[in-house]
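As written, the chain order gives the labels A, B and C, with residue 1 at the start of each chain.
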Amino acid sequence: MLRLVVRNLTKHKLRSLLTVGSLVVALFLLCILRTLVTTLEAGTQAAKSNRLWVQSAVSLFVDLPLAYEAKIDAVEGVEKTCKVQWFGAYYQNEDSFFGQFAVDGDTFLDIYPEVVIVAGSRAGFLANRIGCLVGKALAKKYKWEIGDRIPLIAALFQKDDGSAWDFELEGIYEVTEPVWDDRTFFFHWDYFEKTMEATTTGQPDVGTFVVQTRQGADQVPVMAAIDQLFEHGPQRVQSTTEADFQAQFVSMMGNIPFFVAAIGGGVLLAIFLACVNTMIMAAREQTRDIGIMKALGFTDRSMFRLLTLQSMTLCVTGGLLGIGLALLAEPWIAHGMGSFFPGFAITAGTRDLGIALTLGIGVLAGIVPAWQASRLRCVEALRSME
Amino acid sequence: MLVPFSYNLRSLFVRRASTLLTVFAIGATVAVVAGVLALQQGFALLYTESGREDLVVFLRPGSTNEGDSIFSRDRGLKLMKTVPEIAMDEGQQPLASLECYLAVRRFKMTGGETNVAIRGVQPMTFTLREGELEIVEGRNFQPGADEVIVGRKLVDRIQDCHIGDVIQLNTTPFKVVGVFATDASFDSEIWGDLDRMLQALKRYGPNRVLAKLVPGTDPEALAERLLSDREVPAKVLTEREYLSSQTKQLSKILVFLGAFLGVIMGIAAVFTATNTMLSALAARSHEIGILLATGFRPVPIFLSFMLEALLLGLLGGGVGILMTLPINGIETGAMNFNTFTEVAFAFRITPQVLVRAILFALTLGLLGGALPAWRAARLSPTEALRRT
Amino acid sequence: MIRVRGLSKSYQRGGETLTVLDGLNLEMEAGRFYALMGPSGSGKTTLLNLVGGLDRPDAGELFVAGEDLGKISGAILAQWRADNVGFVFQGFNLIPVLTALENVALPLTLTPLSRSERRAHALHALELVGMQDRAHHRPKQLSGGQEQRVAIARAVVTDPQIILADEPTGDLDRDSAGQVLDLLVQLHRDLDKTILMVTHDPHAAERAQSIVHLDKGQLGRIEDTPRALAAGD
């Protein structure tokens, strides 16, 4: 029986190839699309619950006074506080964009055990005032090595003479969880603060305080206490758990999951119709064969099985190839889309969904022609010429 | 001698199940691509169509949008008064206004957080915007009062945007007193008094100056002059230029997405069309043999098959457009990556979208028909007649 | 072996009812070779299809190999076909994607035989029809006469009691037709099968033992052929 399936499919090699080809393309596309959504959500799941983000309650573009640090540190349940400021400079030209943050280096590495230094060292980074830490993908992109001097041209935090900020690469990191992506640039808050103090802008403000709570401390009262501290200004703050913050960030992107679902639906519909088309053509050509087999004593059910199996074989081949292709292409896409979708990675869930869809299409596409074939009266089937 | 067109129509009709499936498969592909293009058009048109040529925007040199442009209040006022190209009203007041701008954290009705643009304006703004903006509910805010009006598109999407609600900005509560409607790009914004906003938000100064130019002024010459001006250096753009520069990121993403989906889904659709035309060829090789035997040349047979494939593509394009039409006008929200705020805009099926969709569909048909048509033209009459 | 009482069958054609068999009565003995003759539209093929269980009667009794075919259907009827009948068609009707051997072995997949047993049986059947050399050829690579011999091998491989042949020589030249008829006669003689062969060729019919004449859905007459008379059957 299986031999008959394979022979029938290879009889029309071109048609089978084209059908498999369109399935490859469709499943590839579906995997990539779904991965965009899961990647957006991945940050939410990786976020750790003992970290809080304290930011302005008004706007993501409003900073908080430096003096808040001491007050937050004094709150019951707070273990450590790390200042984080978006630096927003560029390297070489305006198109070479990547995220840069001024952070309290030592505290930052304590709070984020997920950030692991794989080249250079923590000690080297901490000892060098202008030292910086970059993600592995970023270092690879610009072919940076430990000890390299990296000048960045500031857009937001300009020196009075307009000169570039100098950095020295002291460490390359990888992340064990996508809490930060591996194309970010971190440097010392002290260097940032001291340099800014020398300019007419003066002492810089802080974009975000990342707070690590004490082991076992309940988050809710800590967040409430911090928010309460600055209830009457000068800048009100909003504390959120890291997971909530990430979720909000996804929500800010708008209806992306909806768009992706709509597009995916279109892809599925197109590919399903294409498969039904192929299976109907195949079944029509096999009408006489089906008549013969029925005359020989094969039952309606076994004919139904034959055609369904044929459809399944075709779809599963194409689908699995498509999923495999998506897995193979993953690093390339991750590289190309790094700045929009950091941490692009196909999850096991996406792969399994792809397999399930493949099987679903296979069964459904085969079912109509198979049912028709099984209902065929053999007297008529034998009379058909095709 | 060409093969009669009715022959193609009949052929599509005879295998109507296959034809329909193919048409819908192409249709779904065209619909997805057209949908993305309609989204891009809706977004781009919202910004560019509404941008006025007679208004100019003054930004701090080096900044690309209002968010990173900032003036001191005095610098802004000085600019308004000293630039001779700015038009005057009857009372010899410059037709110019200081505006501050900030993307503030707000909650959507559905629960998630988002960024909404808030704008502090001076009374002159309403003179400049004469006819562009209309209060459709409640009243305008009083100058100097802690009151705001909200764009109509926000009312049902963002929390606390109904009349009587209170919007807390840092420590100051602002009362919502009116709803305004406009076709321009600021219909997803919250507006209030400039000075009250600056104070409540603890801003250093306004973000831009909006002004009307004396008729006949060349904005480009003005821009060139002011960029290196020693007293009041500024980057000058017409409002239209400014707005279209604000759509670049998202437009680029959407156009890229449309092209990416078009190519990938197009491959699958071409394969489907090829399959269908191959089965048409198989079913008709006997007839082709007869045509060849009666003296038809291979070229008309090739053309006949291509025509049939194009027809298939055209039908698919039509179905695709029909599938997309219902989304025309539907509003959705997306993040404008330039301003980092969420803007509401509608899918817009413009003639450009239609033309592109049809061309795309025809291309799919053309590519799908090429191989089967070539095969048909190369059939030898005897071989074709032998096959049943 | 075959007992038919008041058998009727009609078809719907373009809104009109076409009565093909009209109260036919007929009896056929086991182990005999019958030729079924009659003008076009006399119901020959319809009768053959009914006897083979490919089609179902409208009315009447139809006992074949001890089973009332009017009373069974679906999977049971299919199984009955697999056990009791072998078909030989005018157009050979081999599955084009399978080799000669695979075509012959196909009906055996419905039996509990193992793969190697099926292969052995199929090879044996091919030997019976003298086609063992062509076992691995596809139908397209065979001549019409060879295809029909493979089809006959497929018909006998399950060792059915009855072989039904519908114009088996209709598409063949005279030499090939002769060989196929020789083969049928030989199988009838050696394997003791009941054979029912529809034909409109009097020479072919002469090779059978009895000729059944059908006309307008009614039984004409049954006559023994000179060959049968000479042999004293």
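We take it that contacts are C-beta pairs under 8 Å (C-beta built on N, C-alpha and C of every residue); 3 or more make two chains touch, one makes a residue touch a chain.
This one's a predicted model, so the numbers in the text were calculated from it and none came from an experiment.
Separation of subunit B from subunit C in touch steps, taking the shortest path, is 2. Of all chains present, the one whose mean CA position sits nearest the global mean of protein CA atoms is A.
Distance from the centre of subunit C peaks at B, each centre being the average of the chain's Cα atoms. Centre-to-centre, using mean CA coordinates, subunit B is 71 Å away from subunit C.
Rounded to whole angstrom, the centroid-to-centroid distance between subunit A and subunit C, based on C-alpha atoms, equals 66 Å.
Taking each chain's centre as the average of its CA atoms, subunit A and subunit B sit 25 Å apart.
For subunit A, the set of residues touching two or more other chains is empty. Contact residues of subunit B toward subunit A in the complex are 17-18, 21-22, 24-26, 28-29, 31-32, 35-36, 39, 62, 67-68, 102-105, 108, 111-115, 169-171, 201-202, 253, 261, 264-265, 267-269, 271-272, 274-276, 278-279, 282-283, 332-335, 340, 342, 388. Subunit C makes touch with subunit A in their complex at residues 49, 52, 54-55, 74-75, 78-83, 87, 89, 93-98, 102, 106-107, 109-110, 154. Chain contact summary for the complex, subunit A toward subunit B: residues 14-15, 18-19, 21-23, 25-26, 28-29, 56-62, 155-156, 231-236, 238, 247-248, 250-255, 258-259, 262-263, 266-267, 269-271, 273-274, 276-278, 280-281, 285, 340, 385-386.
The residues of subunit A lying in touch with subunit C in their complex are 1, 3-4, 7-8, 10-11, 288-289, 291-301, 377-379, 382.
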